[in-house]
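In order of appearance the chains are A, B, C, D and E, and numbering begins at 1 in each one.
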């Protein structure tokens, strides 16, 4: 049987490969809006069906949001948490990446420090946080340090896997052409680690935020974690969700207006997936 | 590798391969358009062997990708010899699975019934007998290219697509493999399209040579060869080369 | 043998309630009262509240304010007083602080968060007696109770408001009480100590398991009588209490005994309503929820006290 | 200047590339032992210097360990936690990988579900756990489900990054040679995702264990999390560490006797790093 | 690209390149040993051009890797012409950084002082002028190989190492690039080692051809060429090819 694949007109061929697809006419922004609307709809229906204090409807959460937003309280706590999250994130990514890349590239060091890594990976957040507070006092530095220490081993593990898969051919090329260490790092090593950085930072920021909640619960007097715990004692789920969603909204904004454009730019060299 | 040892009735699809690419444009990462193909139209009769020759970067691989169905964003049409049949492809790079041994890389393309077949002859003739349990990273480029050839020869395709199959091999090995290809192909003639930069190779193997222009590629001319392969001796070959060189300046 | 009523009680594993229930089971007092008490231990304060709402236990210990708020929001929980022991504001034994007024400018640790009842009462008291706004003029640290106790020992905190058994332990280590929650309440106008924590269970459960509730409350009273009088009964509880040393053990025992409510719930209700008003004023809607007064039915009425 | 690189004797050349290094005569097992001993030494010295109830010495922790080990209590709680960790791990890895690979390979689906993913990444563990307990009761299924739901978004994110970097050339080869979907998955896709699986499982098991601690705190009557919180209320750091280290020991055993041999086997095809 | 436009004083290291590999064995992933090289010893005089020819998989690339200092686990010794000097290498695969444009890929090998230099001539002559802002994934294999050549030609090395530099190019382009190499090299003679399977190419470019045996590689023979490059016309070339083919059977 002959197979006659007629591939449209000349106009089709001029279309960029990435633009075509199931929803070719729908812009990416619109997809996101539809997606969020879908999520809201599911939640609303579920809340109405459940009809329980434990799953409030969107308006109830909105009300809780406005109550605390009107007094500025919500923004204050959100800002405090964000400050801690950002500080700990930067610390953890920098330290964790450096260690991870070194371990991934050096078998002996890795063999030696692997047990330490597994230890630090598995120390409960509670233990680290309490020890940090006890040793360094109930202050901001202890809080941020404790969060970072919790996250560092995860970054190390992810980047170490990345460093293990570094392309040997390119490394050799860089060596033969006498690339300086900086040049090699910037142009050869880091671009290869991009997906690992992406994974480590996306999972990282969420992990850090979750640990920040515990840190605030155990020994800070402000922040979203502090508030959530307060409302948890009162079993006020609507307020808990209001704070959670405020944070999620911040994350979505960062994702769509900072991370995704940056990522699209830094991976524009990748061959597009075949769609035969 | 049964198709090496016993004669098999002529195969290949029932129809001609008909390629009619009216335009192919890539959208570059910098947003600019790259016109790769202006117009390439040719057909390959059932069970005959065609070769594409053209300057580096003119659009040969792109044409093969379109034939293989790997790129559907072109304007024009394509008719395959046999839509259900299998395709044997040798890509311009070896494209082996780095995490599978040489043996497994070849065996994976076999259908489930053939998977336990005896590949000893094939590996032997390709000089890979010693390498069967190696991983691709342990091969030299020439060895890896031979594994890619083994993979294409291991199946019984209705269409063969070869992108510079004999490059990066020493002259002796290349000659042996060209002979192997001729044997395999004569035992079971299959519609075949090959790309090469080696006119000698083209003249030795093909029924039809299609010359392409610089990018964006157009067909510059088609040279038909009617002489049976067995009769293509070196005198005939030199004469043909000269006649081609006269007709298409700058080819040799 | 008749069907013995069953009741599942969610308690903190190392909490005081567990001591009492352990003593009850040990003496077989629950069976004597015709009820089989199943102790379901938890590790965290909030776990038992989750368990009650998930229907995994029938009864927990919590405070009436929570019960009232939940009722206002449609839940059917009800409350029977369990203990008048509440948190105390503790200071180091050799501290120069004599009254709340001296706390100005100090670092104060508060377990339970800004909406803790005792903290609100003590703040109200400080404002009334000393004209001091504790939270505005001090550095307040909210945090986990064990962490704050440890920080007080380390001297990082000048004063700490903690739950009663942490307070008792600190007291055994040389700390002294500056003011307790019930002191503050009484100074603000209640006629006696109000049991702030009690047994909490659903109205529906009580309706369907009247015998179980009645039996349980009877057994509870009997257990309290035993623990109030017998020192031997306490010896058996020692491993559970993890007191560490004899002094702490005695402190814990004595403070427990002090906390046994003398009055019945209905008798306390009047004081509670007053306290609710005070709290509603200082804690605002944040604390008490939309209801301006104590929700009706917060105190369990078994229908016998008329 | 001429550079005369004399590269040892013939014997050297026969040595496997991977065996040579800074500590060529020291076996890998010994390195691990030395590493653990070093860790112990640091801890011991620090504990003696700190001389605080908050940082107990190794013997004190050992004592706490034996106390609870002798009664069998420790092993019971450890087993319960391990059971939950394993169940949740399997669930999270399977579900998360499937979703992650699909999203990584399909731009449209990813654009649609990305906001959902960010939402689920950032919902605090507390909220998920409480909702799970309230809706499904305080039972094992709810506990394990809640842990898995907490982890799934992380697996999705990591595997999605992996799927985005899949080699187009190999995919095309598989298509041309008519690999079945199963064959493509098994021989083409999954081997490429190995480092992402490794990262997701290593960080995953530790995250799951940490969430298990919270789950046990909030609504189980056994498990290491339950015990750790009890001891936290008594501020008995020695016992907390005893339980923590018992878990870490299990993880180390799994790592060295299961994961590493498996990994070495499944990555034996990788060209060894140049060590010129 | 200054070394294309103005004449530069002869360069290359002050010493001969001396290679003396007495054994090179790989440990395969399956635990078995693979003897790649039995004994390869040769020297390349300062500023002269040597070519290695040998069957596919015999150990040529391995030899080059040892010269480049990428593999130190061999027994034997190595003397470089100039340990401080730079090395220009064309690997058997293009080895471009996929995340950098063609222009950046070439510019990155320049030292900081040269980095802003004018590369227009170089790109023009290699037929890459239009491709400078493209990424490697958008290039055909032939184009990518030319970028790798551009990279090697952009610097002023004291040693050049070329592994099949002109493969996968059409005859016309290859001829142009060989001429370019001859020019660059004549303007500033550098010690050079090349691997090729193309004896014609070797005869055209080298001062010395080293023939290797099958794996494990030994030196089969060395053919010296004294004729100045300018005088190597096609008649001389055919004669030389015949004489080599007579001496080393199976080469052509």
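Keep in mind that, in the parts below, a contact is a pair of C-beta atoms (placed from the backbone, for glycine too) under 8 Å apart; a residue touches a chain by one contact, two chains touch by 3 or more.
Just so we're clear, the structure is a prediction, and the values are computed from it rather than from any experiment.
Student: Going by C-alpha centroids, which chain is farthest from chain E? Tell me that one.
Tutor: It is C.
Student: Quick one: name the chains whose C-beta contact count is the highest of any pair.
Tutor: A-D
Student: Roughly how many whole angstrom separate the Cα centroids of chain B and chain C?
Tutor: Centre separation, chain B to chain C: 84 Å.
Student: Based only on mean CA positions, could you tell me how far chain A sits from chain B in angstrom?
Tutor: 47
Student: Centre to centre, by mean C-alpha position, how many angstrom separate chain A and chain C?
Tutor: 41
Student: For chain B, give me the residues that contact two or more of the other chains.
Tutor: Each of 29, 69-70, 93, 135 in chain B touches at least two other chains.
Student: Multi-chain contacts only, two chains or more: what residues does chain C have there?
Tutor: In chain C, residues 46, 53, 144, 150 touch at least two other chains, as defined above.
Student: Going through chain D residue by residue, note those that touch at least 2 other chains and give them in order.
Tutor: Residues 54, 130, 134-135, 172, 175, 225, 228-229, 232, 268-271, 274, 276 of chain D each touch two or more of the other chains.
Student: Considering only the defined contacts, which chain E positions touch chain B in the complex?
Tutor: So the residues of chain E in touch with chain B come to 26, 28-30, 32, 34, 53-57, 60-61, 92-93, 127, 133-135, 138-143, 146, 164, 167-174, 197, 199, 250-252.
Student: So in the complex, which bits of chain D are touching chain B?
Tutor: My answer: residues 169-170, 172-173, 175-179, 183, 187-188, 191, 266, 268-271.
Student: Which positions of chain B touch chain D when the two form their complex?
Tutor: Interface residues on chain B, with respect to chain D: 65, 68-70, 86-87, 89, 91, 93, 95, 97-100, 108-109, 135-137, 151, 155, 161.
Student: Considering the complex alone, what residue numbers of chain C touch chain D?
Tutor: Counting only chain C, the residues touching chain D are 12-14, 40-44, 46-47, 50-51, 53-56, 144-146, 149-150, 242.
Student: Residues of chain A touching chain C in their complex?
Tutor: The touching residues are 53-54, 130, 133-134, 137-138, 217-221, 226, 229-230, 232-235.
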